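We call the chains A, B, C, D and E, going by the order they appear; numbering starts again at 1 in every chain.
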Amino acid sequence: MNQAITYQVDPLLQVLNVSAMGFIMPLLGFAFLSLFTLKEKTVWYVAISALVASFFSLVVFFKPLVHAHQYFTISWFQIAQSNFQVTLLMDDTCFWVLTMIHLVTLMVVLFSGYYMKAEQRIEKYFAYILLFFTAMVALVMVNNLMVSYIFWELVGFASYALIGFWRTKESAILANRKAFIINRIGDLGFLAAIFILYNQFATLNLQSIEVLVQQSPNNTTSLYWASAAILIAIIAKSAQFPFHVWLPDAMEGPTPVSALIHAATMVIAGVYLLLRISFLFPLEVLLLLKYLSLFSILMGSIFAMVQNDIKKILAYSTISQIGFMLFAISIGNNQLALFHLLTHAFFKAALFLAAGAFIHENKSQDIRLLKGVSKQMPLVFYAYTVASAALIGFPFTAAYLSKEGIVYAAFSQSGFNITNVLLVVSVLLTSIYVSRMWFHLNADKTATKLQSNPLAMLLPILILSIASLFFIFSINPLHLESMWLAIKLDHVPFVFSLGMIAMSLFGVLLVKYTPVILNPNESNRLVLFLQNGAYIDQLYEMVFVKPILKLAAVLKWLDRHVVDALVDGIAKLAITLAKISDWFDRKVIDGFVNLIALIAKRFGDLIRISQTGRVQTYFLLALMMMAILAWFIY
Amino acid sequence: MNITIGHFLMISAALFAIGFYAALRRRNIILVLIGIELMVNAAVINLVAFANVNKNGNAQDGKLMALFAIVLSAAAIALALAIVVKVYQHFKTINPDEVEEFKN
Amino acid sequence: MINLVFYFFAFIAIVSALYAVSTPLIIRSVFAMFACFFAIAGLLVFAQSDFIAVSHLMIYVGGILVVMVFGIMLSQGSSLSAVVRSNKTISLHQYLVLIVCVSVFLILSYFFYQYAPNTSIHYEGSDLQLIGIALLTKYLFPFELLSILLLAVFIFTAIITRKKKELN
Amino acid sequence: MNWLSILIFLPIAAALVLLLMPKGAAKVFRPVAITIGVVQTIIAGILYVKYLSNPQGYQFVERYDWINLNLGTFGRLNIDYFLAVDGLSLGLLLLSAFVMTIAAIASSEIQKDPKAYYTLFLLLSAAIMGVFCALDFFLFYVFYELMLLPMYFLIGMWGGPNREYAAIKFFLYTLFGSIFMLLVMIGLYFSVIDPITGEHTFNMLYMMDAANYTKDSYFSIFSSDALLFNYPVRFLGFIVLFIAFAIKIPTIPLHTWLPDAHVEAPTPVSIILAGVLLKIGGYGIIRICYGIFPEAAIYFSYWIGLIGVISIIYGAFIALASTDLKRMIAYSSISHMGFVILGIASLTSEGVNGAIFQMISHGVLSTMLFYLVGVIYQRVHDREIAAFRGLAQPMPRYTMFVVIAFFASLGLPGLSGFIGEAFTLIGAFKSASVNALLPRGFAILAAVGILIGAAYFLWTLQRMFFGAARFKGAEEWNLKLKDLTATEYVVLIPLALITILLGVFPSLLFDASNNTINAWVHETWIHGIANLKSMQSLLKF
Amino acid sequence: MEWYLKLQSLIESNNLSWKFLLPEFFLLLFFLLGLIIDLFWKPSKLLPLLMLAGLAVSGYFTFLQISTPNQAQQLFNGMLLLNNKTIIFKLLLTLVSFIFLVYSLTDQRVKQQRISEYFYLVPLFLIALNMLCMSSHLLSIYLSLEMVSLFSYGYVALAINEKRNAEAAMKYILFGLLASALLLYGISLLYGFSGTLSLLDPNFLAAFAKAPMPIIALSLTLILAGILFKIAAVPFHFYAPDVYQGTSATTLVLLSIAPKIAGYAMFANFLSCFSFQIFNQQLFWPMYNWETTLSVIASVTIILGSFVAISQTNIKRLMAYAGIAQSGFLLMGLIGYTAIGLVALLNYLFAYVLMTSAAFMLISYFEQQHEAFDLADYKGLVSKSPMAAILLVIVFASLIGLPPFIGFTGKFLLFSASYQAYLSSANPSVLFTIFTAAIGSIISLFYYFKIVRNMFMREATWVKVSSEEQGVLYFLVLPIVIAIIYFGILPSGIIAYIQSLIA
């Protein structure tokens, strides 16, 4: 945690380490795939082998280094007196998250081999996935805000590219633009935080900043601003209110992408970043985060309750679940947040992949039309059920441990108050929307079973659903003490657990016996309101997008007709002056005479306009000008 | 009452103004030339009158200047009349207003 | 007594000049100029410059005015008296010129009245000899130059007035 | 070796050779221009590498008497042929050589009168090299003006339908700035004394030192009556020079020549215009305005920063509303060059380094963008955004480069645009706590400009390139819209590589500029404050 | 006896002076030869060549008159003053006349009409111009000024297009005679109150200073009117456009330059007796505010000339107004009457000779080849006569004052000189002039490049092409343009030479 631990290794070893940590292989894969057009299978193999190589290096080279808690520093460039360095961090958190990313990505790539079969430009698809993977891995590992920012944006770019992968699909290309721009707003917050921190500490290395913050705790003002700014980045990336609107739209992308980026990995980048820099956050900002995340939890689950699109339900569920993680951090329980991050990644990826399988076979995303999938692909449906149970938080799943932990931590921290009650309510709501989805999918028992179940489809779903079970993390299915992970968590009282389970069960039963919830009346205004995400999108369109476009149009008009005219006016003025002086040069006397003659005419026909001799007029004029000049000088 | 230089100068001023009037006002090139001659004559009167003030050494300056001015104006008038004749050949008028072919 | 002659000449000069510039008939104004130039020559004699006066008479009356008459005849042919003002109305331009000319006269005469040296002039005899000597000593060079100028004007006048046919 | 002179005179020699060639030899003109460009790039590259080994101060100095006259009471008229480069100019020199090469390659579309075209092209190249190398103000001015005539004809003869207007507008605007620059230059000449010879001098380096001004001259900081219209003459001088360069950059509200010039200019000329000529404005501000009048720079920095911020936002907004692709890119140039001004105004090492990086990055990117516009314009003679839809369908490779260029321009990290923007903003932000010249809000507002930048680039991508293919020219266009040709790859690949390279390894540029800029910022600040104090006590303003 | 001795000295001075007029004698000799040849062998091709030889000989002897160090010779009892400054003016005039004669040889219209006077009057004209340069006595000034004017009227009247010539000549002569009448009246007042006509008379200024202020102002204003007419400066510029329009461009090669140069030479002579050098500082006679007068006239001339030029549609009218604006620039060299100002003036006059003669030769070329008179006729000419078009662009660029052409160094020196004048006089109107000159330079771009635009960027409507005769471009205009570029890049030589001569 201080300078003594940071050490420089010799360059060769550095390079080895970096490559060992798996940047190089996926990056090469990305470059290879984006430059060459290959056969579909080959592409798939290339992607898988790149990932496997990366995974291998993670386990073989990275794992042994974890406990040494090391930083690797490469000088990047120097500007002013500051040396910008790329610092790589290796610790437990990092390792677990990396493992999760590797696993999920590998599964998703496997699944894509089935799901994206016979697509055009498949090599681009895998290339972007590999780019995303590289950026994500780097984002997790780097410990310098500047570099973080770079990868933070790069994952956003990869997400942009993948959402819009079907680039002839109108809704997809609108969605990816929206996703990128909203993330850009967050990025501005990140940039602002970078400005503030660099300005304050003259470094962007997180460990140096942490040391400096601890040394002088009286920079609170800048910390307020910095943490508030970075909070914007976090909630934008993690799709929290009020920046959540991009995530449901992002479901227009291919489903494996949704599983990878918009459920398991990229969206939790915000949470991960917050975990890393939570030391910056003053209590007030954490409180703000608490309310924001609680609102997102409730909002996500409520919106999820009325959606009919299976991917949208899952998207809102993601918003809600990430809210749980942020909530955990806001109450100071980083470990629980990390835990929920990991569990959520697995079960949500499983849910998405299963949903992808359903969608792929039925060519529909509407849960009301997918009613026969339980019979159609029973194996997948079982996995789906397991993952759903994890989402709800039933015992024997990993998420039971994490979610219960969070709710309990909230209670144990602040007791029985409205926020905590709402948290419990959200557990109920989660149970409701998940079971609603489940009942729908299980509605038709008459469907015929699918003949072929390719391994590329089954294997990832099964592995991920198994990973959502408790034993991956803990020996004891009900308690948090005996974690495999090096995460220290509180003991949850049995009564509390029971209450939670009861609440969840109540939700399932409620759905089972309340047809209104199962099939909400679509003509109901409230339902419509919720289905459309409370019209927040439209509100933004009206309040921000339209005025900005209008302003741009007005400015363009001004530029053309006012600014250009103003500056151009000088030239025009010159021409006008030219005309005036030309006129003056030849006609002033004529004009003068004519004018006076015109006036005189009103008094009678005494004076008639008469042509004057030009030479003579000129000379008279010259003489008068000379007289004026002489007069002027004396 | 003696005749002083002032008297000559007054006459010259009057002739100058009259010549000026003709030169600027009359619509006939020949009258314009007559006006110019009157102006030159005014100057000649000035020069000759002033020659009487400066009797020291340069006494003849003004007179000779006047002489040269007279001769020069004669030459100029000759050339001007030649041009007038030519103008008349082409325009059939000697009103300077009507000699106007250039248009911009 | 001799002063009266001076005033007479002055009167003739100014009145005939005025007549010359205001008469509508060119030929009349040319003849008015005869009178004017005679009077001016007389005034020059009063300013002790009899040589200049004689030259003036010779050049103006004998030269310029004759040339002008020729010019009028050449440019207006037989209709010597037909030159009348085509436009009898008075334009403001003319007023303006009048105002300018009157103010020129007023300014000049005011300046001369204010600042003219108070030297009185008497006729003291002919200056012919002095001018002759000056012309051949101090003013020899301008005298020579003038001859070149006159030659040039002669050539120019000849070229300009020759008939167009000869050019081709 | 007189490397810099070779850089300058090589194209002139080539131009003369071209002039003597017969019209039938039209085929070799472009190869000659390309070869000259490549040779220049190589020379500039060698110089760059040499400089990197010891990145301090001015190097490759060449100094000869050019005009040296004794004019009696007037004193001597001393004008030197004085060339040298430092970390500030070397990067721009390399960029110019490179962009000129690219422009020469891109000139394949020029059919009309190639001889005249390439002669003017090479003359322009020489003038550009000269501007970046000259350290004598007079010499600088000569090169600066020398650019105008070739540029005028390049726009005016090979441009679009409204080319006359654009060409004369360009010419008039620039001349307006430069004539007044001439006046200030003369005023400076009469104020500055060469400390060695004791004569007046045009040497910029001497002009930068307050000690070299004669005590009661108009531009002296020690003069107690250096007021003109009750305003310090030095401030007026600064304003005049700043306007001259601000026209070139260009900033609001002196920018209106730029969209017209770009829209009308042929592709290679647009490339030169955006890639090189705009940089001369930024270079001039750093080297001349700030170098010679540091106190005025400090005094006006708030307003300069404000101009930068307004340029950023205003340019971005108009780009958002533009319907012509080239016009949009032209306005995006205004927006991007606003960052340069903001960075310079911050007077921090980060800001100025960032500004230089931004100039070079924008040089590469605008080259790429204008070339890309040229590609489709050449195919269908249309560049209305609304005329295209789903261009990615017939032209996937092309779209790939567009995506790279757009994302680099909107500041995607990993590509060059980001580093420049980020560091100018960091500098602007830092300024408040280091030297209190700019309020923090400027950096934040400018950051909003980045956001709008993202909006118009992405919107354009979505409207033009994605979606189902549908063109104004229907089937006919479908046939014409072929993907990139080999030449186009040759142009685009190096540009894309440089963009990525600079984005990943910014030290390639910072290593050369950092020392120079650190010293420059330090000196500007120290001198500026000292001068300001002296002037305030003497002039009581 | 005393009187006799004085006469002796007067005659002595005359006798000694003749030898300094050797160049002019040669001119006269060749003129007479030409006259005789013209009388006896009417259609002679020898004549122009003979005149060229005369100019060359005269130029050679003028060159020989250069004295190092600079010595002033008073000739003919102070009628003329010969020093290196006037010699430079004379050389410039010889150069213009030479260019004009050479170019006239190629003018088809001159050839067709066989106007031999056109050629043999040139030496005589040059004599008049030389005299105007040298004159230092009000009589010789008036005489030579009138002589130059008469020659100008005559040249305008010489037939090419008779009707236009007649009109232009009429306007020119009426305007000119009026201006010279004013000049004469002014001279008479100056003489009356200073008691002398000689500007070199040591008592002149002292005596004139005793004159009442209004008289000083009146007389100098009237004299200025005559001078301004000669250099075509505002407000006595009105004749220029009409005269230019009515005269063939070939004649304008001479008429747009030579009288102006001589006018400036005379103006400089005239001003020199109003300025002193005190402690290295050039000061004007304090009774008359020359700086303000000159700077106001210069500013107004530049501004009016430039602005009016914009709206012209006839090329020669445009060039007339452009010439008026150039006149204002030249006046900047005289503000302050500093040494550098004179150098700047002479240098710019040299530039002016090259640029303007080249411009009018090219315009004349276009007139003859393509019947181009209006700006609209210049459309697309680059495709018909590319060489001429390119040369014209360079000439225009130089006239605007763009580097690296001679016009730039010329204007640069003029700006420097007026800045110097501003520093020494601290007269704000001088600064104002500098600003207006800057503005004028910008505007000049506008009108010159209207022609360039028409030539290069517009399609030809109709172009009449007569026989392709590019010879004149190569052997006459091209060398001049090369000189324009050469002296633009390496101006030291010429400036240093001028400086060394007049120091």
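Operating definition for what follows: a residue touches a chain if its C-beta (ideal position, glycine included) is under 8 Å from a C-beta of that chain, and two chains touch if they have at least 3 such contacts.
Small disclaimer: the values here were computed from a predicted structure and weren't measured.
Contact with both chain A and chain B is made by C, E.
Located most centrally within the structure is D, per distance between chain CA means and the overall CA mean. Between the interfaces B-C and C-E, more contacting C-beta pairs are found at B-C.
One simple way to say how far apart two chains are is to compare their mean CA positions; for chain B and chain E this gives 26 Å.
The distance from the centre of chain D to the centre of chain E, with each centre set as the mean of the Cα atoms, comes to 43 Å.
Separating the centre of chain B from that of chain D, both taken as means of CA atoms, is a distance of 64 Å.
With each centre defined as the average position of its C-alpha atoms, the distance from chain C to chain D rounds to 70 Å.
Counting partner chains per residue, chain A has residues 571, 612, 614-616, 619-620, 623 touching two or more of them.
For chain B, the set of residues that touch two or more other chains comprises 16, 19, 23-25, 27, 32-33, 44, 49, 53, 64, 68, 72, 75-76, 79, 82-84, 86-87, 89, 96, 100.
Looking at chain E, one finds that residues 139, 143, 146, 150, 153-154, 157, 162, 169-171, 174, 178, 182, 192, 214, 218, 242, 312, 446 touch two or more other chains.
Listed by label, the pairs of touching chains are A-B, A-C, A-D, A-E, B-C, B-E, C-E, D-E.
By the touch criterion given at the top, residues 7, 10-11, 14, 17, 28, 35, 75-77, 79-80, 113-115, 117, 121, 124, 127-128, 131, 139-140, 143-144, 146-147, 150-151, 153-154, 157-159, 162, 169, 192, 211-212, 214-215, 218 of chain E touch chain C in their complex.
Residue ranges on chain E touching chain A, taken from their complex, read 170-171, 174-175, 178-179, 182, 213-214, 217-218, 221, 224-225, 234-236, 238-239, 242, 289, 292-293, 296-297, 303-304, 307-312, 443, 446.
On the chain D side of its complex with chain E, the touching residues are 66-74, 77, 141-142, 145-146, 148-149, 152-153, 156-157, 163-164, 167-168, 171-172, 175-176, 179-180, 182-183, 186-187, 189-190, 218, 228.
Of all the residues in chain A, the ones that touch chain B in their complex are 611-616, 619-620.
Residues of chain C touching chain B in their complex: 3, 6, 10, 13-14, 17-18, 20-21, 26, 29-30, 33, 36-37, 40, 43-44, 46-49, 51-52, 55-56, 59-60, 63-64, 67-68, 70-72, 74-76, 83, 85, 94, 97-98, 100-102, 104-105, 108-109, 112-113, 116-122, 127, 130-131, 134-135, 138-139, 142, 146, 149-150, 153, 156-157, 160-161, 164.
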